[in-house]
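Next up: the structures, one after another.
Below are two complexes that have subunit A in common, paired first with subunit B and then with subunit C.
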Partner chain A sequence: MSSKLSRRDFLKMCAGSAAVISLSSYLAPFMKEAVAAGAPPVIWIQGASCTGCSISLLNTVHPDIKEVLTKVISLTYHPNISAAAGDLAIKEAIYKVAETNPKNFFLVVEGAVPTGAEGRFCMVGETENGEPIVFEKLIKDIGSKAKAIINFGTCSAYGGIPATSPNPTDCKPVSKVVKNVPIINVPGCPPHPDWMVGTIAHVLLYNDLPELDSFGRPKMFFERIIHDNCQRRQYFDNAIFAKTFGEMGCMLELGCKGPYAHCDATTRLWNNGNNWCVGCGGVCIGCTEPQFPAWPMYERMPDMPVGPATSVTADQIGLVLGGATALGIAGHLAGNIITGRIGPKKADEAKEGEA
Partner chain B sequence: MFKKMEERHSLWIRIFHWTNMIAITMLILTGFYIHAPQTFRLFGSMDTARGFHFAMAYVLVVGVLGRVYYAIAAKDAKNIVYSPVEDTKKLPSMLKYYLFLADDHPYYGKYNPGQKGMYTGWLVMAILMIITGFILYKPHLFLGLSGWFGGFLTVRLIHYIITWLFVLTVMLHVYLDVAEGIPILKSMFTGKIPADFHHGYHEDEA
Partner chain C sequence: MAKIIVDPVTRIEGHLKLEVEIEDNVVVDAWTSGTLWRGMELIMQGRDPRDAEQIMQRICGVCPTAHATAGILALDDAMGIEPPPNGRIIRNLIFGSNYLQSHILHFFHLAALDYVKGPDMAPFKPRYEADYRLPADINAQAVDIYLEALTIRRKAQEMLAIWGGKMPHVQAIVPGGVSEVPNTSKIYKFLAYLEEIQTFIDTKYIPTVKAVAGVYSDWFSIGAGCQNFLCYGGFPQEEGLDHVKKKKFFDSGVYVRGQYKELDIGLITEEVTHSWYADDTGGNTPDVAVVTADAKKKGAYSWIKSPRYNGEAMEVGPLARQWIAKNPDVLALGDKAFSVMGRHFARAIETSQIAKAMKEWALQLQPGQPVCTPHELPKKEVVGVGLCEGSRGALGHWHRISSDGRTMVYNAVVPTTWNSGPRTGSGAATVRGPMEEAIVGTRVADPSNPVELVRIIRSMDPCYGCAIHVMTPNKKTISQFAIN
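On to the complex of A and B.
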C-alpha cells in the first residue's frame, strides 16, 4: 500500500495540508503498512528537555496517540510512556535494539546534551555495577549506530533553552556531540505533532531523509516564513502597528519574529487546527530558529552588549556618532573661517589676486 | 571672463556618482521608515516604502557593479582605492592640514588619502549592505548566509549600523566638498574644473 503514496504526493500533502485535514490520520494507515512490512524501529530518548515535545506529540488526536505509538510507529522505547523501566529499558529496549539493528534504526532525540561535569547533569540509567550512564554517553553509544538521528524540538536541534547563556551545564545540540550520522532537525518549542509524525512517516515510508534546508529542517514543513503568510500581514503593508498587546495591527514593534521565522503554523494551526500564536494575540517568538531563545522575545531590536552590564541600541550608536560628526564638522567649519580658508578673508584675497 | 578648464570626472563617473547618490539617499530614507514607521513618517505605507527600498537596492547593485567595472576597465581604481602603503605615508601631512597645523598640503593626485579611504570604505560598506539587505529581503533563499553572519538579528544590526555610517560619512563628504570650494562641487555636474584650481603644492615648489 505504501507504494500507492508516491513521495511526490506525500510532500504535497505535508506542505499543503490545511488545518481541516489531519495529516497524522491520513498518514497512519500507510505507516502501519510500512511497519508491517518491516520498517526500521524507532528509539526515543530524552536529555535536557522539558518533555514538552512528547506532550505535543501526545496531542495528536487523529489517530489516537496509542495507535501512533504502538501500531503506527514501531517505537521500541519512549522514556515517559514505555512500560519498560530500569535494566529492561536500558539493556533490552535501547542497547539491544541498537546493537541488533546496526545502521537500521532511527533515533529520536528530545532535549539538549549536557556535557559539563562529564555529562553528570543528566543521568539516564546505570550499568550492572552501579555506574551511572550519562546522557552524553548514551547518545554517543547508540547515536553513532543509528541510520539517522531525528531531533525533535529546538533543544536537541540547536541547543535551545538549556544551551542559552549562561548555560551552566554546558548543553550542546546533538549535532555537536554525534558526528557522521545524518541528522534531521524538527525544531519548535514544541514542534507541531504533524511535523513530528510527518517526518517519522517520511523516513519509515521511503527509508530516506526528506529534503532539508541549510539548518537541517525538512523543507516540507519549514520552507515558508511566518511573516509572508501571517493573518496580520495586511496591517504591516499598510503600516498599522500595534503599540500594546490586544490592539489591532502588525506586532512587529512588539518584537514579533515573524519576518525570520520559518514554519507553517500560519496555515497548519495548533491544537487540532484551532488557532496559532498570532491568532491568539501573541507575537511569533521564532521558536524554530537556531538563535531561539537567545533573543529578546518582546523587543524589536536587540541591544548590543558593549561592556559589563551595559548595552546600547543601533540607534544610540548612530546618534552618538552623529553628534561626534556634527561637532567635528562645526569645529572644522569654525577653524576654516578663523584661519580664512573660506569666508570673507578668502574673498578678499581673491580680489587682491585679480587686482 | 573665460577660465581655462580641465577634465576632472568622465561622463561615466558622473553617471554612477549620481545614480548611486539617488539610490543611497532613497535607501536611507525608505530604510528609516521601514525601521520605525511611527517616528519617520515619510511614506504612505509600508508597501510603498518597501517597494522603493527594493527597487533602489537593485539600482545600487547595478551602480556598484558598474562603478567597480569602470574603475578596473578605465584604470580609475588607482585614483580611488586606498593603498595601505602609499596612502598611509601621506596621512600625517593631510591630518596636519585639516587640523589647521599646516596652511597647505602637498599634491596627492586626484584624491587625498582620506577621500580614498572613505571611497574604499564605501565599497566595502555597500557590499555588506547588499548582502545583509538581500538576506533580510529573501530570508528563505539566503538561510545559510544568515547563519554565517550569526542569525537574522545580527544581520539586521549590521544593516542598521552601516546605514548610520552611510548617513554620517555622506554628511562629511558633502561638507568637505563644499568647504574645499564650489568648483569641486560643480565639477561633479560638468566634469570640468578650472585649470588653475589649487590641488595642493608640489614638492619641487615647496
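On to the complex of A and C.
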C-alpha cells in the first residue's frame, strides 16, 4: 500500500483538477508498488459483449499497455490475450484463482449477462461431462467469491446494447444477477481507458471502492455533464444550431445527448487527446447513461430535463426524471435568454473551441 | 475414434467452441460452434434506420468501422445519396486505419503466441506447451515486437480518431458522408502517424511473419480449406451511385473451384441446416431472410448461419482479396497460399498496401470543402445494400426500411459467418464450412495439447461477436426454451 499518494490527491488527479499530463503514467508506479505489496489479483471475464471495452483498455496511453499487462495488474485471465485456451483457461485461470483467493480478488466484467434459454445464448466453456458452462453460471460462481465486481462498459453496468428492446436474449446487468457483492459501474460504449485504469488503481491502492453516484459510477470521472463543458457550448448559448453534419453550431437539433450525459470526455478527450465525439462534428449519443441506447441517436430529444440550473449531478437528474418538474430544452434556452445569460451575437463572431 | 474439444478458444474475438474427431492423431471431422447470440438485428427492428451505423458497429469492438461502413453504405444506397469526395476519402481513411490496427493486433496479439513463447507470467501463462521452435534470440526479438505492436496498434486507433472522433466505436460516419471537416493540420498529423506505422509494418511486422514462416514452413501445407474465395470489393475510389460497380481499391470477384468469375450477389443465400434456427427459414437471400431460433434443433450445433455462394462454401479475408486481386507475391506461393502461413502472409502484405494507399488518399483531401450530402429518409419502402471488405473479409449489410421510416428487416452477412459457419447438406452432399474443411486432415501430435487446431482457427482471424447476430422475428419461439 502506497503511503505517498493520498486519496485526496488521487481524486484530484482523476477528476482532472490537478495538473497531471497523463493519469495512468502518474499512477503506474503507485500501482506497481501496490501489486508488489500483494494487492489482490484481477480476473476479467466477457459475456454478451463486443470486446470494445478490452480494445479501449489497450488504448491506454501511459504507461503503454505493456506496463499495465505485465507489471501493474495481475491480469490472470483475459479472453483475448491469455495464452491459455479451453480447459486450461476456465479451470486454471478462472476457477482456481477465484477459489484460492476467496473474497480477495477483483472481478472485471465486460458484457451483459444473457439469462434467456437457460443462459445458452452465451456459453463460455464445457464441463468434464460435456455440459455447457453458461456465462450466467460462471458469473454467479465467480462473482459471489469476489471482493468487488467492476463492470467495464454500459452492457455489464446497465444492460446496454444487447439488453435493448426487444432484448432478444433476456440480457441483464451484472447487478441483477449477482447480489451482495460491492459493484462499481464504469459505463461508456466503450469506457475511456483512463476511467478503467483509474478505477482499478483506486481499488488496488486503497483496497476500497471510490465514491459512487446513484448509478454506481465513480464520481471522479462521471460527475460532470457533457453539455456544460462542451467546446460547442458557446453556440448553444448564442442559439446557433447545426442543421446538417459538417456545419458549425450546437448539435442538439441533430440529436446530441450532451445535456443528459455524464462523463469528462470534453476535457479528457479520446485516443491520446486526438478528438472526441462532438469534437469530430458528431453528436454525443449518451453512452454512459443507464438508458443507452434506448433513445434515437439522431433525433432531437423532445424534452431536455435539465431545468434552469444547467449544472446538475446524476442524482439530481434522477430526481428530475422521476418528478414532474422536467423542463423542455426550449424552456432551458428561453430561461437563458430571459436571464440575460446569453445575448444575440453575430454568428461569425462565434469561434469553435479547439480540442 | 477420439474426440478433442477446445472450449473456449481464446485470443479470438468472441466465443467459439471447436470439436474434432481424430483417428490415429489425424482429424477426420470437425465442428465449429459459435456460442454467443445477442440478436443485434432484432434490436434494429422498428428503430430509426439512421441508428444502424451506431447500433450495428457495436456488433464488434475490434472492427466497428467495418460495420459502421457497411451500415452507412446501405443507408446511402437506400436514400439514393453519395458522399462528396471528402466524405468518401475520410470514410476510407477511417476504415483503412482500422485495417492497420486490426491486422497488427491479430498477428501479434491473437495469433503470434502460438509460435512465439511469451514470458513466464500471466497472461502468457498458463498455455499449451507445445511446438515452440523459434531460436531463442529470434523469439526474444518477437516478444519485444509483440510489446511494441501494442503501442503501434494504439497509434493506429489514435490516427483513426483524428477523423472518426474516437475509437472503438466511431462517431463521425453519418449518412451522406462524415461529420469531420479536414484541415491541413489534421492531414499532417495523420500522415505523421502513418509514416511511423508504415515503418513498423515494413521493418517489423512483415519480417516477423517471414521469420515465423521460415521456421514453421510446414504450415504452408496445413489448413488449406475449401479453396474458394469471395471478395465484395472495398474502398471506393470514385463517386457514383452504383455501389457495386464503382471503382474500388480491392476488386470484387469470386474464385470457385479453380475459376475466376465476376461476383453476382444474387447467388448468395444463408443456410441453416445445422444452425439453431428453424429449417424452413433457410435458403433465402439476405434482403428478405428472417430466421426463427430453435435452440433444441436436432443436428444443429451453432448459432452461426452458413452463407453459400451458389451452394459453395467460400473463404473470405485477406487471402481471398489478394488471390482475387492476383497479387504476384501471393500467386507465387501457388498451392502453398492455401494454408495457415499463406493467410498470415497475405494479411501482412495487405497491411503495407493499405498504409501506402492511405498516404495518397489523405493528400487528395480538400480542406474546408463539404464532407456530407444532406439527406432525408425516403417516403416509400426501400432496401439498401451495403457491401464492403472488412479487415476479416467480405461484409454485407441488407437494410429494409418501411415507408414510415422504420427499420423492417436487417441482415448482416459477415466474414466470420462465411468462414466459420457450420456445414450444410447431409451425407455425401455435406459441404463443411471453410474453417471445418481447413481443420479436417490435420495431424494433431499431442491430443492433450492441440495447438495445431487453434493455429488453423486463428489464421482465419475469426470474430464471433460479428458472426452471431442474427435475429428472429418470432419472440414466442425464444420463450419456449427460456426459463423465465
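What we mean here is this: the second predicted complex is superposed on the first by the 295 of 355 C-alpha atoms of A that agree within 3 Å, B and C clash if a C-alpha of one lies under 4 Å from a C-alpha of the other, contacts with A are read in each partner's own complex, and residues count from 1 in each chain.
The criterion applied here is as follows: a contact is a pair of C-beta atoms (placed from the backbone, for glycine too) under 8 Å apart; a residue touches a chain by one contact, two chains touch by 3 or more.
Since the model is a prediction, treat every value here as computed from it, not as a measurement.
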**Request:** Please indicate which partner A:259 is in contact with in the superposed arrangement: first for subunit B, second for subunit C, both, or neither.
**Result:** first
**Message:** Touch test for A:241: subunit B only (first), subunit C only (second), both, or neither?
**Reply:** first
**Prompt:** Who wins on subunit A residues touched, subunit B or subunit C?
**Reply:** C
**Message:** Let me test your reading of the model: by the given contact rule, A:121 touches which partner, first (subunit B), second (subunit C), both or neither?
**Reply:** second
**Request:** Have a look at where A:129 lands relative to subunit B and subunit C in the superposition and call it first, second, both or neither.
**Result:** neither
**Message:** Quick check on the superposed pair: does A:289 touch subunit B, subunit C, both, or neither? Answer first, second, both or neither.
**Reply:** first
**Prompt:** Looking at the overlay, what does A:48 touch: subunit B (first), subunit C (second), both, or neither?
**Reply:** second
**Message:** Taking the superposition on A as described, I'd like to know which of subunit B and subunit C A:224 touches: first, second, both or neither.
**Reply:** first
**Request:** Go through the superposed model and pick first if A:213 touches only subunit B, second if only subunit C, both, or neither.
**Result:** first
**Fill in**
After superposition on chain A, the subunit A residues reached by both subunit B and subunit C are none
**Interfacial residue positions of subunit A with respect to subunit C in the complex** = 46-56, 58-61, 64-66, 69-70, 74-86, 88-90, 92-93, 114-118, 120-126, 130, 132, 161-162, 164-166, 168-171, 189-190, 244-246, 265, 270-272, 274-283, 285, 287, 293, 296-299
**Request:** Show which residues of subunit A lie in contact with subunit B when the two form their complex.
**Result:** 213-215, 223-225, 236-239, 241, 253, 259-260, 262, 289-291, 295, 301-302, 304, 314-315, 317-318, 321-322, 325-326, 328-329, 332-333, 335-336, 339, 341-342
**Message:** Looking at the complex, which residues from subunit C come into contact with subunit A?
**Reply:** 5-15, 17, 35-40, 42-43, 45, 47-48, 50-51, 54-55, 58-62, 64, 105, 109-110, 113, 118-119, 121-128, 147, 150-151, 153-154, 157-169, 171-172, 174, 176-181, 189, 295, 303, 370-372, 374, 454, 465, 471-472, 475, 478, 481-484
**Asked** Where on subunit B does subunit A make contact in their complex?
**Response** 37-38, 43-47, 49, 98, 100, 103, 136, 139-140, 143-144, 146-147, 151-153, 156-157, 160-161, 163-165, 167-168, 171-172, 175, 179, 181
